[in-house]
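Two complexes are shown next, each including chain A; its partner changes from chain B in the first to chain C in the second.
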Partner chain A sequence: MTPEELVDLILHESFTPTSAMRYLRLLKERVSDKLFQATEEAGQSEYQLASVREKQWLDNLPIDLFNRFNQNSLHNIFTRAEENIKSIQPLIIFLAFELPETEISTLGAYLRQDFGSHFLIELRINPYLIAGAAFSWKGIYKDYSLQQKISDNHQAILKVLEEYRHKK
Partner chain B sequence: MPITALLSLVAVVAFVLFLKEYFSRPKPSNQFPPPVLEENHLKSIELLHQAVQNANDIITNAENDALKVVEGSEEHAGRLVDNYEQRINQLAGALEGSFQHEVDLANKQYDKYLQDLIATGKQTQARIEETARQQVNDLFERFEQNLATFLTQTQQQSLTSIELEIKAARQLIDTYKAQQLMLVDENIIAILEKTLMLVLPKKLELKDHMELIKESLEKAKAEKFFV
Partner chain C sequence: MAQKTQEVGFVTSVNNFLIHLNGLPSVRINDLIESDNGIRAWVNALLPDSVEALVLDEGKSQPGQLFRSTGQKITTPSGQFLLGRAINPLGVPIDGKILPKESSKTSADFDRSAPGIKFRQTINEQLQTGIILVDSLIPIGKGQRELVIGDPRSGKIDFLIDVIINQKNTGVICIYASIGKPIAEVRSLIDTLRTNQALPYTIIVAASSSDPAPLIFLTPQTAFALAEYFQTQGKDILVILDDLGIHAKIYREIALLGDRAPGRESYPGDIFYQHAHLLERAGNFNPMAGGGSITALPVIDTNLNDFTGFIPTNIMAMTDGHLLFRSALFNQGQRPAIDLSLSVSRVGQQTQNRVQNSLATRVKQILAEAAQLETVSSFSFELPYATRLTLNQRDAIEEMIKQPPLTRLPRELQIILLALPLTNLFQDKDKSFARLNHGRIIELLSTEPELINLVREATQLSSEDQLLSVLQQYTPYIASLLQPTATTRANSSHMKMSNTSATIQKVT
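Moving on to the complex of A and B:
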């Protein structure tokens, strides 16, 4: 198993840097357990904290996958995979609410159609956006939310309200 | 007759005065020659003798006249007194009658005056009462008018004051309303955003949110934001 393959494996399931790192740690823990014959209790710490989906993924991994690791290369592979993942610049998406995991996956998959399979997103909450999203990419922030639309059409909205008030 | 007596009296007095003057004159001195003096002396004696005789005649006449006058006058006086008494009595009677008449007349006039006075007094009393009643009525009428005027004025002033207060209150309200509307206008967008922020996340369904997010992504792609 090469670090790139490992990254592909991890990024196949995760769309955010945080979840990718979590998946990576889970897998590392499971592989370590397998390679070093750790007891069930000792290897449960990350697994216990994992979500149902993560647990399902981990449990459904093919057994031969763990055979592709050895004790010598384990640390190196995971370290380089981690560095690869950390080197990926994510698209920071500002949302007005917290997306459920399934929708994060849907959004991530949607974006990967255009930007590649290693594209990651980082979600942040900003209730003031009201709806829609704002993006920060390579240090540049742009607001495409409903709040920005209202600000952009400030005068038009005021005009409408004024007309309404005069009609009254 | 009285005039004659009076003249006689005057003559007597003149004679007496002459004699007094003559005998009181200072004796002439022995400067005059004696024959002239003797002559003058004899003439003077004659003159005096004549004068004395005349004076005696006059006196006698005067006395006679006087006596006559006195008698006449006494008689006259008696007649006069009688006349006087008669006349006085007549006069007194007439006066008494006249006085009585006058008194009766005066009494009648006085009675009439009193009656007139009483009548006048009654009339005056009636007039005074009428005048007082009229004045009281006038006073009450004026009082009513003044009171009505005062009440009307007070009411008017109160109404004016109340209207001014209402006007001021309305102006305050209008000013406040305008200020608040201005505040609302200034902050309407913020209010709208806040309202939407509070309402939309709860009202919009997940798929609507996803649609909006995708719409934002498409817009960003169209603007080549992800280059």
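Moving on to the complex of A and C:
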């Protein structure tokens, strides 16, 4: 297996840099177990911490996938795959609330339709945004949040509120 | 839809005050970036995969923290309103008062490149320090860079304060950069300058030892930025950088944190560049660059008289001379405690008038000759007349160039005082005669109508020989005025220094 193929496999399931790295570690642990005959206790640390979805993915991997690694190439392939994933610049999305994992997958899959299969997103929470979202892509930040809209129309909003107060 | 576009970067690593960020695609060196909670950082280096910045404010940075580009270079407010004020390197007042509204209108660039040769002219005017030893024997020109080097507690700061105070009514603006000194020292400096009415033409730029290292590092840059602002208006500026040894250490700290390869004494390879880049901003400028001049007096504290360290020799190489202060001389009571034999001014002589220049050469010759004869004299009871004369002249000169702190001697008076030991006034007199009469001579030269005329004409004479022949005619008269005073004062030698000080103050 080449590092590129491994990255494709990992990114098929993961949409954020954090989850991609977690999938990579899980797979590395499982492959190491198979190749180096590790004891059961030794090789289960990452697996025990994995989510249901991650465990399902790992358990359903085809058997012949493990045959494509050998003791000599394992470390090199995983290191290069890790570097590959780290070099992907994610789109950082600032939201006022936390998205459920399924929504992250839906959003990630949707964006990949336009930006390619190696596209990653990173979600950050900023309650001050109130609603809407802000994005940062390769150091450029664009704010489409309600907070920004309010601050842009600060005077107009104050005027409306003032008029409303006088009417009452 | 509302939309606001900005450049941002995310902190990837934090190492004390040094942070690395990704993003900020078009940021440049010396740009200012700011986090959401108001922490400012200064872009120090653009690395292949990240941006290195130095945090200027107190506060915690952490990985993932967002910094926005402000689109501004790091600058400091500048203007006349800063005269008499004490600010930190970012222009924030540290004297408890606020800056006026106009302060936001003008700002000076921290890291301006020094004007080239096309914009410079020969240094031809002397910076009058009012101190006889310096003005006569190691003169400093306006636009010169003169290193002030010496042991701790050897009177360097007292000397520099005197120089600032003596610029009163000369039109020279003084900028004192206090680099990483204790805050108590800065306060004491402000108080001294205020007490001596020297604050109205002085700006103090200070980052104390408790401030973040990047802020301390920027102190001399701010001082020069302000100096350039006034220089482009045709004014003469005196910049004191106290001291560049601390500045070098702070830069070493920054460079080591930033993983730069350490060189000699662990300083980074570009430490020479940093200081040379700074000091070449001083000079005497022609009208194309706004006229005016920037005289720089960088200070270095040495350790146990060792001035051969890496940083002191670096700065000696990039300045036009140095004044070497010795704590031994200071403890012997010599003020200023400058070691004349090891101090030099490579530019100042060209700013002196002919009489002053030739007189200085003659005096230096006598001092050098006396130093050679000193060893011989200690082995012999009966010395030849010529040797005794030289040694007597040396003693008299040494007394004449002593000057108490907070005093100023006008140039004309300096010339006469330095020439008197070469006349027969001090012939066959021992050292105590010069010591006891020093103050009295200054008083006579300033109050006796006949002598006032002599002093007034001193600078108009064409040569030192002419001066000495004129002076010889007056020596009997001066001696007659001194005689009674000398005998009555002979028993009160402890009053000598205070008398001289009081006399000079009265004169000036």
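In the analysis below, the second predicted complex is superposed on the first by the 168 of 168 C-alpha atoms of A that agree within 3 Å, B and C clash if a C-alpha of one lies under 4 Å from a C-alpha of the other, contacts with A are read in each partner's own complex, and residues count from 1 in each chain.
One rule holds in what follows: contacts are C-beta pairs under 8 Å (C-beta built on N, C-alpha and C of every residue); 3 or more make two chains touch, one makes a residue touch a chain.
From a predicted model like this one, the values you see are computed outputs, not experimental measurements.
Student: Mind checking the superposed model to see whether chain B and chain C fit together on chain A or clash?
Tutor: These partners fit in the superposed model.
Student: Figure out whether A:L161 sits in contact with chain B (first) or chain C (second), or with both, or with neither.
Tutor: The first partner, chain B, only.
Student: Of the two partners chain B and chain C, which one touches more residues belonging to chain A?
Tutor: B
Student: Look at A:S105 in the shared chain and tell me whether it touches chain B only, chain C only, both, or neither; answer first, second, both or neither.
Tutor: Once the two structures are laid over each other on A, A:S105 reaches no partner at all.
Student: Given the overlay on chain A, how many degrees, to the nearest 10, lie between chain B and chain C at the CA centre of chain A?
Tutor: One gets 60 degrees for this angle.
Student: With both complexes overlaid on chain A, does A:S73 touch chain B (first), chain C (second), both or neither?
Tutor: Neither partner.
Student: After superposition on the shared chain, which partner residues are touched by A:D152: those of chain B (first), chain C (second), both, or neither?
Tutor: second
Student: Go through the superposed model and pick first if A:G139 touches only chain B, second if only chain C, both, or neither.
Tutor: It touches chain C, and chain B stays clear.
Student: Using only C-alpha atoms, work out how near chain B sits to chain C after the chain A superposition, in angstrom.
Tutor: Between chain B and chain C, the shortest C-alpha distance works out to 7 Å.
Student: Shared contact residues on chain A, chain B side and chain C side combined as an intersection?
Tutor: Correct list for chain A: 140, 142, 144-145.
Student: Considering the complex alone, what residue numbers of chain A touch chain C?
Tutor: 92, 124, 136, 138-145, 148-149, 152-153
Student: Inside the complex, what are the residues of chain C that reach chain A?
Tutor: Touch residues, chain C against chain A: 1-10, 22-25, 64, 66, 68.
Student: Provide the residue numbers of chain B that touch chain A in the complex, in ascending order.
Tutor: My answer: residues 181, 185, 188-189, 192-193, 196-197, 200-201, 204, 206, 208-210, 212-217, 219-221, 223, 225-226.
Student: For chain A, which residues count as touching chain B in their complex?
Tutor: Chain A reaches chain B through residues 91, 93, 95-97, 100, 103, 106-107, 110-111, 114-115, 127-128, 130-135, 137, 140, 142, 144-147, 150-151, 154, 157-158, 161, 165.
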